[in-house]
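Each structure below appears as structure tokens.
One chain, chain A, links the two complexes that follow: it is found with chain B in the first and with chain C in the second.
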Partner chain A sequence: MLYTAVAAGSFRRYATYRMATVAGVFTNTVFGFIVAYTYIALWDERPHLGGYDQAQAVTFVWTGQALLASVALLIGGVGELQERIRTGDIAVDLYRPADLQLWWLSADLGRAALQLLGRGVVPMAVGALFFPLALPADALTWACFLLSTTLAVVVSFALRYLVALACFWLLDGSGLAMISGLACMFFSGMVLPLRVFPGGFGELAQLLPWAAMLQVPADVLLGARTGGSLLRGLAFQAMWGVLLLAAGRLVQSAATRKVVVHGG
Partner chain B sequence: MSGAAAAERLIEVDGVEKVFSVRRKAGRLRRVKDEVRAVDGISFRVPRGEMVGYIGPNGAGKSTTIKMLTGILVPSGGRLRVAGIDPARERTRLARRIGVVFGQRTTLWWDLPLKDSYELVRRMYRVPDTAYRANLERCVELLDLAPLLDVPVRQLSLGQRMRGDIAAALLHDPEVLYLDEPTIGLDVISKAKVREFLLEVNAERGTTVLLTTHDLTDIEQLCRRVMVIDHGRLVYDGGLAGLRAAGDGERTLVVDLERELPPIEGVPGARTVKVEGPRQWLAFPAARSAAPLVAAVAERYPLVDLSVREPDIEDVIAKLYAGGDSGPDSPGGA
Partner chain C sequence: MASRVAQGLCAYGLIVRMWMRSTLAYRTSFVMMTFGDFVATALDFVAIMLMFSQIEALGGFTLPEVAFLYGTSSVSLGLADLLFGSMERLGRRVRDGTLDTLLLRPAPLLAQVAADRFALRRLGRITQGLLVLGWSVSRLDVDWTVGRMLMVPLMTVCGAAIFAAVFTAGAAFQFWAQDAAEVQNSFTYGGNTMLQYPPTVFARDLVRGVTFVIPLAFVNWLPALRLLGRPDPLGLPGWVDFMGPAVAALMCAGAGLAWRGGVRAYRSTGS
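Here is the complex of A and B:
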């Protein structure tokens, strides 16, 4: 299959950046400690904030650090794709007998898989070593977490792909990508779990696509979603995935119809 | 599907236009729409197996034409067929039958070994195993790729990368190969290697080649037919020899006389443009034969040696470009 080869190639590509992976693991781990102690201080004052006990709160922190690179929680676009659109290299991609969105989705899944292994496992293990974490004991929950994380990557990609396609109309998409990245950092639950926010705002935040990127997979891992709630969570992710990918296809066909490839 | 007649003319372009509308500032808030006619009604046919040079100054419409031929730009008017396929409507089906190489862009995977990119091409174009192996072997041999296959693309030199890109475009046996400045930035040896390879491919497999370039040596060594585009119009379509005539090119007869003499006079159709000691330069129209001139000079002057110089093709084309402003219709005709 072409697209599995694209994903595998992308996985190998990111595997060649060993120093970047090591540096990333270090950063994620250091931030994990900082945020974990902040949460501990907060949960000491307000136990059961958002319905989480302290172990669950700290687990949420380390899950966030583990998924940060893989689900691209701080990144608002698809940098390489934006660059290709900006320079006109996208023309080369359009000559291929392959679907642009599927191609980049496969590449992003390959990247996410490498970064989940390379930048996710170690920080989580370090976190488990130094803090009492609320990790599941059964394989099924882990499997559900993996499925949920995969869906999180799909939703994240679908949204970032839309942002990247905006470069067909904007000369430079980095501003938009930055705004989108900031929105993602907050609304994914990276700053604080979305359940902590009270009232209508909290409810709204949990309905937005960013909730599918961290809040849902973290809740699956913590055991805060089981049974019907677990299925609803996965369905919520799948719905946003399908919706955003479909939107991406619409924008893609508009973009390729109007394509004025920059740089001749 | 395409019939036998269509197969004869692999590329058919009839009155094709591409108009871009560009918004321009006019005052503080007002924007005016301007029309840019990047390609302004061009027509040509390319039979199977031909190697055609497509030249023109920057912004003349070369790349726009190629983008329309590959289907990533939709023409604003006219009719276009490549191997019987309407490119804009069936871009993906056509993509399996064409190869594209850009001198300034790469289709290879930056961080991975060259061979990984080829493996991807194999899957993308669903190239049968035996054909793939044979094609790869051939390219590796002719383009000296063997030592490069395991090298990550980012570590290749420009010349190596270009050879790698050309191979990637040929692994699926395309019927048409579009080359957009394939020798740009390459050194003399790499250029020669690329040209040699293209000649081989064209001769052996009958691959039709459309080549845009600013390097006229590419044209002189590869193409018998040249199309010149300027301001979106074809200003010339014909043989390389005819191109020299079309640009009001003049040939030069250089004669060495026995001794220093006043400028040669009275040779019909020629005028002396330069005298340097016993050597004199006579200019005459490129289309005329040099023989009567030589006879006339030899009859009246003590001739020791002579040579005929062809007009510099670059000068000819520069004249064509300059003439394109006043918009003469294609003098060669298709």
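Here is the complex of A and C:
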């Protein structure tokens, strides 16, 4: 119950940043247009590249823009948590009768839900208005997409939580967070769909955890994953979620044993 | 006027030196961040190379030609970002009221805001852009006369001034809109992404928009098309290609006016 309250509080908190949301929607939409045109040029040269037709490729672009904020595709850490570790405020959190990882996971899910609504819906709608998109007609596929997106947020959080915990050792984790954010940007498919990556490199990229953050949910939405392939995709996401959350728990117990707060 | 400019530059230099020393206190993190900035922009180019592993030409442009567009735009944005990029933090200072501290200091506000949290790591982006630019110049099939060679540094400097004007105007906008720092990303980073690709890729209205409304096309598209011997998709008269310096000066003047207006309109939080 506590954790749903945390999630709801986080949802409400991000709902108050109205101007930032509007600005974000504007930027996501502008980027959507720019990238969509480059993909159209690419798919004009090579129709069916990576198994997508042109409409699917453009849908991939707008899905990426819609999920960018929610799944935190450019962000490598949990900024606030890192700041609390650096300043020593984390000591207060560790005294609380709540689990650190679950607390921050709930807060992140609340944030992601608000940003999916606030920053995802409008860019996707604008994209659908100006480009022919390959969006599903049946409610079941949309439901699968929502489930896949939720799993994407969990994987994204689990990985960022690990990066944030590294601050217990590094103190200033911004460098690591940045590199992790870059890996996410590239290997999630945000820069180019992983299916377009050549040969073995592409196959490897589709096995990494970042593939669970954009490539899988986008494939679910644009109909490149159906039936057994859809179930395998969801299982793939769930597997990375569980693995990374478990790793987070291990690191968390090691970190809290060694924590020394500045100022004694 | 001249003494005020000198005072501003002096304050800028002082603040920049202070932030550089502060950054270098966390040396590992600084190295990682600079490397990160380098890689961040390099990944954009990796994406372009991956595209070209599947195709011969994009929008009729070959890889060295696209690399030339990429390099000139990246270096321009990198320079502007290094010198003025910190201005996007202005909204935060307006929100939490710390801008008042800057207003009380005996140094021009613009210099203080531009130098605020000066990030030396942004050299990473410039380095990466220069490498791509160098590679493309060595591969391009262009007859490099002295005039053409001079045009490349000139257009990157003018491009940097245009982007700097956008950063400044964006910061001025935040005096009113506080939380909307992301809007200017559309024009700086978004504009940069757009300029890295040939104009033939984009819808004509979009190209018109970045030529006449927010004249980012003067950063590299128009002069680069001239250098590459390509027709410009809007069919503008030839002399327009050389208007970069004039456009940059105009934009800087406009941004300066917007900045003044913003500072005048500023009301501290809580009042």
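Here is the rule we go by: the second predicted complex is superposed on the first by the 261 of 264 C-alpha atoms of A that agree within 3 Å, B and C clash if a C-alpha of one lies under 4 Å from a C-alpha of the other, contacts with A are read in each partner's own complex, and residues count from 1 in each chain.
Everything below uses one rule, namely that a residue touches a chain if its C-beta (ideal position, glycine included) is under 8 Å from a C-beta of that chain, and two chains touch if they have at least 3 such contacts.
As the structure is a prediction and not an experimental result, all values here were calculated from the model.
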* **Clash or fit (per the criteria above) of chain B with chain C on chain A** => fit
* Which superposed partner A:Gly88 touches (first chain B, second chain C, both, neither) -> first
* Structure fact -> Between chain B and chain C, more residues of chain A are touched by C
* Who does A:Arg13 touch here: chain B (first), chain C (second), both, or neither? -> first
* Asked: After superposition on the shared chain, which partner residues are touched by A:Arg96: those of chain B (first), chain C (second), both, or neither?
  -> first
* Asked: Does the superposition put A:Pro198 against chain B (first), chain C (second), both, or neither?
  -> second
* Please indicate which partner A:Trp142 is in contact with in the superposed arrangement: first for chain B, second for chain C, both, or neither. => neither
* Asked: Between the C-alpha centres of chain B and chain C, what angle is subtended at chain A's, in steps of 10°?
  -> 90
* State the minimum pairwise Cα distance, in Å, between chain B and chain C in the overlaid complexes. => 9
* Structure fact -> chain B and chain C footprints on chain A meet at residues 17
* Asked: What does chain B use to touch chain A in their complex?
  -> 20, 58-59, 63, 67, 70, 72-74, 91-93, 95-96, 98, 100, 102, 105-107, 109-112, 116, 119-120, 123-125, 152
* To do: Write out the stretch or stretches of chain A touching chain B in their complex.
  => 1-2, 5-6, 9, 12-13, 16-17, 88-89, 91-92, 94-98, 256-257, 259-261, 264
* **Complex interface listing, chain A residues touching chain C** => 17-20, 22-24, 26-27, 30-31, 33-35, 37-38, 40-42, 45-46, 49, 170-176, 178-179, 182, 185-186, 191-192, 196-198
* Asked: Tell me, which parts of chain C touch chain A in their complex?
  -> 26, 28-33, 35-37, 39-40, 43-44, 46-47, 50-51, 53-59, 177-183, 185-186, 190, 193-194, 197, 200-203, 206
